[in-house]
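Chain lettering (A, B, C, D, E and F) follows the sequence in which the chains are written, and residue indices restart at 1 in each chain.
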Amino acid sequence: MDNERLEKGLKHLKDKNPENYDKLKENLQDIAPDLVRFVAEFAYGDIYTRPELDPKSREIATVAALTTLGNAPLQLESHIEGALNSGCTRQEVVEIIMQMAVYAGFPAAINGMNCAKEVFSRLDKK
Amino acid sequence: MDNERLEKGLKHLKDKNPENYDKLKENLQDIAPDLVRFVAEFAYGDIYTRPELDPKSREIATVAALTTLGNAPLQLESHIEGALNSGCTRQEVVEIIMQMAVYAGFPAAINGMNCAKEVFSRLDKK
Amino acid sequence: MDNERLEKGLKHLKDKNPENYDKLKENLQDIAPDLVRFVAEFAYGDIYTRPELDPKSREIATVAALTTLGNAPLQLESHIEGALNSGCTRQEVVEIIMQMAVYAGFPAAINGMNCAKEVFSRLDKK
Amino acid sequence: MDNERLEKGLKHLKDKNPENYDKLKENLQDIAPDLVRFVAEFAYGDIYTRPELDPKSREIATVAALTTLGNAPLQLESHIEGALNSGCTRQEVVEIIMQMAVYAGFPAAINGMNCAKEVFSRLDKK
Amino acid sequence: MDNERLEKGLKHLKDKNPENYDKLKENLQDIAPDLVRFVAEFAYGDIYTRPELDPKSREIATVAALTTLGNAPLQLESHIEGALNSGCTRQEVVEIIMQMAVYAGFPAAINGMNCAKEVFSRLDKK
Amino acid sequence: MDNERLEKGLKHLKDKNPENYDKLKENLQDIAPDLVRFVAEFAYGDIYTRPELDPKSREIATVAALTTLGNAPLQLESHIEGALNSGCTRQEVVEIIMQMAVYAGFPAAINGMNCAKEVFSRLDKK
C-alpha cells in the first residue's frame, strides 16, 4: 500500500508549501486525480523527503531547473515560495535565477526574475 | 579595462576547477578567444564570485540546470567536479541529479547520472 | 502544381479539426499566408494523410510531442480536439499527457493537463 | 510497502523490454540504486501498467516524446524496441518519427530516424 | 571599471531599441539591478557592438534563436523591433520566423509569427 | 506533381552543400526515403529558394537556431558549411555562435563553437 508515501509527501507539502498543492488539487483533481496523487507520492513522498540532501538545497536545485526550463512559470513561482519556506533569503533566490543567464541564457533569467518579482509582491501584500 | 573581472574569474576557476577551464582554453583559444575570455570574465568574474550566494549553492544550481538542459554533458561533468570542489559530497550530487527526474524527466536524470558516474570513476583513478 | 497536396490537407483538416485551421488562417493569413498554406500542404497534405499510420495513432504522437515541448499550449489544445475527433477517449488523452511526466517532467504533464481541462470544458459548453 | 509496484513494473519490463532495463541497472545500480528502482516502480509500475491506455499507444507516445526531446538517443532506441515489442510495425515507428518533423523540426526527426536505423540493424543481426 | 562597457551597451540600445530596455529596467531594477546592468554590459556592450558582424545580421540570428526557444515571446517581440531598427524589412522578419518551421517545428514558427503580428500592429498604431 | 519543388530543392542543395545532402540520403534512403525527399522538397524547395530573404541571411538564421537547439551537432556542422558557401566568412560564423551565449547560454555557444572548429579543420585538410 502506498499510504505511507502519500502521507510523507503530504506532510512535507503541508510544512513547506500547502497552498500550492491545494491549488494543483483544485485544478486537476476532477480530470486527473492520479497525476495529483503522483506529485505528492513520488515528487514529495519519494524524493523531497530523502535525508540525503537538505530541503534548502533541494529548492535551490528546483528553482534553477524551472528557470532553465522556462516554460513552467506557475511551478517556478510555487518553488520560489518553497525556497523561501526552506530557508533561502529573497536575495539568494534572486542570485540563483540570475546565475541561470550563464547556462540557459538571459531570456530565461529575465523571465524567471519576473516570477520572483510576482511572488515577492504577493507575499508583501499578505 | 576588464582586467579586474578577468583576474577575479580566473582566480575562482583556479581554486575550484582549473583543469576544465584549461581544457576549454586549449579547445577554443584559436577559434574564439573572446568566448573563452567571456566565460572567465562574465560567468566567473561577474557571477560566481558574487558574495550573495555561497559557492556550494551556486554549484547545486548549476548541476541542476545542466542536468535539465540535457545536451551539455561535458559542462555537466565539469560542474560535478566544481560541486565536489565546493563542498558537495558525491551523495549530494547524486541526489540533485536524481531530483531532476521530477522536473526534466527520467531520461535527463539518467543521462545526468551517467555523467556523475564518469566523473567519480575518473577521480577514483587519479 | 501543389493543388493536390493542399486539397488533401484541407480535406483532412475539414474532417478532423476545421475550427482550429480556420483560426490559424484568420490569425496569420495577412502576415504570412505561405506559412498557413505550408501547414495544410506539408503537415496535413504530406504527413497526416499517409496511410502508413492510422489517424488516432498520429494524434497520440502529436499530443505527446506537444505536451513534451511545453511551450505551445494553443497547438496542444487543438490536437487534443484532433485526438478526440480521431477516436481517442478523454481518458486516453489524459493518460497520454500524464505519461509525459516520466519523459518531460511533472511541470510539462501538469501544464498539458490544464490544456486538456480547458478543451473538455469548452466542449461541454457547446 | 512498495513491493507490489516494483513487481508490477519489473514484470512489465520483463515482457516488453528486459535487456534495456538490465543495461540501466548495470550502469547505475552502484551509484544511484534508487533512481533505477524509481524507473521500475514509478515509470513502469505506476504508469505503463495502467489499463486506461493500451501498451502500443503508450509506446507511440513515448517514441514521439523522445524524438521531440532530441537529447536522449539511448532511451529512444530502448523505446523503439519497446514499441516493436508492443505491436508497432517498423513502418509505424518510422512514421511516428517522421511526423515529429512537423512539431520538433527536421533535425529532431532525422536524428530520431538514425536511432531507428540503429535498432533495426541491431535486431537484424540477432 | 566597467563604465566603458556599460556606456557602449547603453548607446547601442538607445540607437536600436530604447523602449524595450527601459521596460526591462522599470520591471527589474528594484529586484535585480545587476541583471539589468549585465544585459547592457555583456549582451550589448560586449557582444552587439563587436564590429565582426553587422547589426542586421546579429538581429537575424537573435530573431531565429528566440523563435526557436519558443518560451520568450516578450524578448522575441523586442528583437523583432530591433531587427526592423537595424535594417530588416517586415518581409524579411516574416521569412526568418517562417524558416524556423524547418528547424524548431511549426508550433515555434506559428507562435513566433504571432509575435511579429503583434509588433507590426503596435507599430502601425503609433 | 512535386517534381518542380524537388528539383528546385536539389538544385539549391547542389549549389550550396551537396555532400551533406548526399550523406543524409546515404544514411536514411533505405529506412525513410520520404523524409529524405521532404528535406529537399520542403526545407529547400519550398523555403530556402524563396526570394524574400537572401541565402546568406537564411544560413545565419539557421546557424543561430541549431546552436540554440544544442542537440543537432551534425546539422549544425552542415549549416556552418552552408553559411560559408553562402557568403559568410569564418569570423562571421564564429560571431553568430558566440552571440548565442546571450540567448541560449554559454554551454550552447561553447558546444556550437566546437562544431565550427571541427568544420574549419575539416575544410583546411581538403
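The rule is simple: a contact is a pair of C-beta atoms (placed from the backbone, for glycine too) under 8 Å apart; a residue touches a chain by one contact, two chains touch by 3 or more.
Keep in mind that what you see is a predicted model, and the values were worked out from it rather than measured.
Between the contact lists of subunit D and subunit E, the overlap consists of A, B, C, F.
Common neighbours of subunit E and subunit F, by the contact definition above: A, B, C, D. In the contact between subunit B and subunit D, the residue numbers used by both copies make up under half of all numbers at that interface.
The copies subunit C and subunit E differ by a rotation of 120 degrees on their C-alpha atoms, rounded to the nearest 5. Subunit A and subunit D have Cα centroids separated by 28 Å.
Centre to centre, using the average C-alpha position, subunit A and subunit B are separated by 23 Å. Among the residues of subunit A, those in touch with two or more other chains are 34, 38, 42-43, 50, 66, 69-71, 75, 94, 98, 101-108.
Those residues of subunit C that touch subunit A in the shared complex are 70-71, 94, 97-98, 101, 105-111, 113-114, 116-117, 120. If you check the complex, the residues on subunit B that touch subunit E are 1-2, 5, 34, 38, 42, 46, 50. The part of subunit A that touches subunit F in the complex is made up of residues 101-108.
Residues 42-43, 47-48, 50, 52-53, 57-58, 60-69, 75, 91-92, 94-96, 98-104 of subunit A are the ones touching subunit B in the complex. The residues of subunit A lying in touch with subunit C in their complex are 24, 27-28, 30-32, 34-35, 38-39, 43, 66, 69-72, 74-75.
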